[in-house]
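For reference, chains read A, B, C and D in written order, and residue numbers begin at 1 within each chain.
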């Protein structure tokens, strides 16, 4: 059994990790920390886990994280970078659900997150946690910076159009003017006391936010450049808040380049993802629904070319807390410990 | 492996059976019927099952239900009673999610369901499918009429107050004036094209319905009388439609009789349910939330005695599609085939 | 024009007052205070008012409230009692939307609100703001403590059963065991940064709360005793949180006394409320929906006697922010200034 | 008083017309027709109107529509075209909320609506009902084909970029590759018994639909060409279903042409709409929310240019049932009868 600890378990990615790991046949949860709630049984905060998780929140000291095999950080940015060094020194693998190990450029990190990066040397070895793109590197990684929720949907939605494996190196699309119109449920904002995501505010309502620039923009651009193997990538990314709990729907718009006008995109996507257990390329003409992946680690993609024109529309759905966060974390954990990638991740979506 | 067929798989209890049975280690789904959709892959209607269920809907004839070990009816009332006889003759066990085998009195059935009962002789042997009350009988049953969604919450919420096992035969409460104020999500109304449960109608809205008399009233009264072992039971049952998909919350009000004034009800409930894998008596003072059982087979109960007065308030939550329908069906299936009762039912609630 | 100021305008009752008063033909809004937001245009916080309200939030000092004709307190309890004296000394009428002037017994106030009452002498002259019960007193009042949201629904739902005007002094019901199972949208919890009412927590969910004892319990009991003219009143009050923004639905259960068994309750209610502009006794058999009063000052009531038995079920709906708060405030304002009671309150519910 | 009749009053645009017209000071509602519900009081179907509308649904014959001054068609397409001729012959003005008089090209109509157009000669004189674009023509019109819900948001969102009045004839943007990512609440699908818009299906869910081609696409393209005064317009239009009742949010993406790179777009929009009573150009950096116009006839627009690049993002919100349908109908009615344009349309949005 892999001994796993969770730092910062009182948020939504924390409780989702608990839900997944409590059902994982090869994992033993040994500790979950929360400075503010130390001593409280986890089930007091999360009654959905009654009968299934008997841990209490503990202080980081009591948690003996150094004795774990792996530690997840389900914390705000800034925490994992402060603790990773010691854990690694103790041969504990680190998986960060926040942004500490995503952006490779520490200046970009500082610009978007408003703080100096605390451990550039670990950042240098950290692997970006998006298995469908980065599988082999993750297998060998000691530190994984898990892909963000929006970035997962956008990158997997675009990879077949950009990856040389798929395109043979041709520029099928104008990569400099990609549009991602993304919509998220409110759980993406976290379990934080804020007025803007009260039911009274966010229900029966729809709005865009952070149009000026969202922290996931540099992460997505970095990822797309890595996938494409070139720098000619430009993205307009507009996130929206949708009155639902879970789910991300990214509607992606790309303009075809001349080299891309005669391609069968349905086939391109099906081929690219044919061996992926969690990526489902839906039949041509489909409209994936976020509920079809609610509570599961799946991501579903549909490709449209309206009117046969030169604009491609790609629809992508995922559960932001599973494939967009904790499920992806477990997927990486499986890879890092040599387990079958789907271990503990076979939940079927709860629908309706 | 138990070979299982489903009749009428296009409704919510049908798709929920599919979700549960596709994850059940001892079940092989062999057929799912739908006259109207015969030939359509199940996943076309229910994309949440893509990659997990590869059946097509078939006509009842093609389904070869007689070769199954067990058949679920996820149909409107009237269907199971027409087909049960032949199935039983072929040694197929029958589990009906509708009302055909719930009410023991055929006159009551006719009164509330507006049709003659088609097979009183099978009704006579049918067992009421509420395992916490009826476990031994279910184990031996050939035909099970699964308890309704509201009735499950009300009966399990009241059983410790009425069952002689628990009360020692004393009348702790005035059983003639029980009040059940019950609230259900809209999935309880089924997957039917109706105006009243459109999102535009039912969202951001709350209402009671069927106050004059709901079909679950006679079922609950029959059940409570059976539990109590006497006939002095009278119930005011008011169901309400809540703007959510899944979940039932029953708020039960009973007035204590003299013999019931000095009882420790927290302890009474904990004792009564101490060995039940799916019933969770929450700590004193709790307010169970429907989401804490969303997608799981659990039922959570809390007992209150406001101001120490003579009115007891019992709060009960369940997922109407799981413990209130399909999960309970699988629980009974397990019992009928000698499997551990929790087989295939270990999903943790999806929350948030 | 009546010059009106609002203290504490950043909550939901504040913005609802603004919506109603901005459409009121006899009111001139002169000031709205908020210590924390002083200087900010109101429409920056509440864009729904753009083009209709051009005030800025001001400090109480700048607001010159002493020059108003009337001041509303849309504040937490404790604020109105601290400022009422000076306002009254300047001939300013006071309407408090919080609890400072509701409970007549200062000990009860202290018990439920955890603080000493700051001005018992003003409390003594304060009038309870429930026009259908207290109209004449409100007309002459200098200080009105507006009825709470739940209490409005429960009292108006029960008044015809208790008021000697209606009963002729007979005890139609057992007043000592009334049950109010009440459901509220989340706006009743106010515009406060709290985890429990986040969309991620409260949506697709249902729960009871404060079963042990809610602050509205003593207010309702005091009100019912005043209506009945006797002290034999006992209430079990269980509030629930419903996943919607606005609306209260109270389901009331009373047991008929012998003297009440032959009464035509439909007629009793219709007679009692026949001249009330905002109370709608619906046809027998109706199930009022909260959306039917969304955004309006109406309250709708339906009376049921299931199975002709001795339990009466009364269904009551209101918009908690209008008839349950700000609309009732405007209704009282109209009375206090000799205007037709419906002035500025003729909005039709927004439905769907 | 203007005598107004409504044909087909049982849908959402019908009940919304009733809400608005019942509060309109210059309108007398004389008839509302429904073949299926003839004889039923309107308030039985729409209790929100109790006490405010005392009409019954009548058959078209009983309705004496020929004696009206104006008749609204709140019907599916195909109805208005069949009845308009006779009404016009009787000097009755016609306002159609459906699509009969929107598309000028009868072949396009046939292609998208699957039927022959029944009265091309009336179509020829019909005026497109979008007052901010077409005000003078509407004033003189006998027949108005009211703009669709999505088309209103897209056209008003783009008009300042395309209209020669605003651009001086310059091509500020690449009009051939406009993207409209639009989101609608479920009321846009109408009050029809359908599975796809049940709360159980559409709640806590998000999806695109009709990506292949939506009926509003040709309407929008026709409108944009008319506004621009040229034919180089191409649109990718992707509608989405959002789990809310009312509201449309269109996120528009356009690429700036060279001539458009130095324009102050905030100022351009503010200038273009400076005299419009219902169009609100929000401050730079704003994110309009659909709830800020819920129940009102307003439309709010914000302009963004992320990173100062060459992609412009325009955010537009409206209430699909008001500015997107019935409110716009009343606005046109006011123009056609020489009333101030805002008469009866001064409702403030209900928010929260």
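We take it that contacts are C-beta pairs under 8 Å (C-beta built on N, C-alpha and C of every residue); 3 or more make two chains touch, one makes a residue touch a chain.
Since this is a predicted model, take the numbers as computed values, not measurements.
Participant: More C-beta pairs touching across which pair, A-C or A-D?
Facilitator: A-D
Participant: Using C-alpha centres only, name the chain that sits farthest from chain A.
Facilitator: Between chain A and the rest, the longest centre separation is with C.
Participant: From the mean C-alpha coordinate of chain C to that of chain D, what's the distance rounded to whole Å?
Facilitator: For chain C versus chain D, the centre distance works out to 37 Å.
Participant: Using Cα averages as centroids, what's the distance between chain A and chain D in whole Å?
Facilitator: Taking the mean C-alpha position of each chain, the two centres sit 39 Å apart.
Participant: With chain centres taken as the means of their Cα atoms, state the distance from chain A to chain C in Å.
Facilitator: The mean C-alpha positions of chain A and chain C differ by 46 Å.
Participant: Among the residues of chain A, which ones contact at least 2 other chains?
Facilitator: Residue numbers touching two or more other chains: 12, 185, 187, 191, 200-201, 203-204, 243-246, 288-289, 291, 294, 352.
Participant: For the protein chains shown, what form does their contact graph take: line, ring, star, complete or other?
Facilitator: Shape of the chain contacts: complete, all pairs touching.
Participant: Could you please specify the touching residues of chain A with respect to chain B in the complex?
Facilitator: Interface residues on chain A, with respect to chain B: 12, 15, 19, 22-23, 46-52, 187, 191, 203-204, 245-246, 280, 282, 286, 288-289, 291-296, 298, 300, 346-352.
Participant: What does chain C use to touch chain B in their complex?
Facilitator: It is residues 177, 179, 181, 183, 185, 200-201, 203-209, 211-213, 234, 236-238, 240, 242-247, 249, 251, 253, 255, 285, 287-291, 294, 304, 306-307, 309, 311, 313, 315, 317, 352 of chain C that touch chain B.
Participant: Which bits of chain C are touching chain A when the two form their complex?
Facilitator: The touching residues are 12, 185-187, 189, 191-195, 197-204, 243-245.
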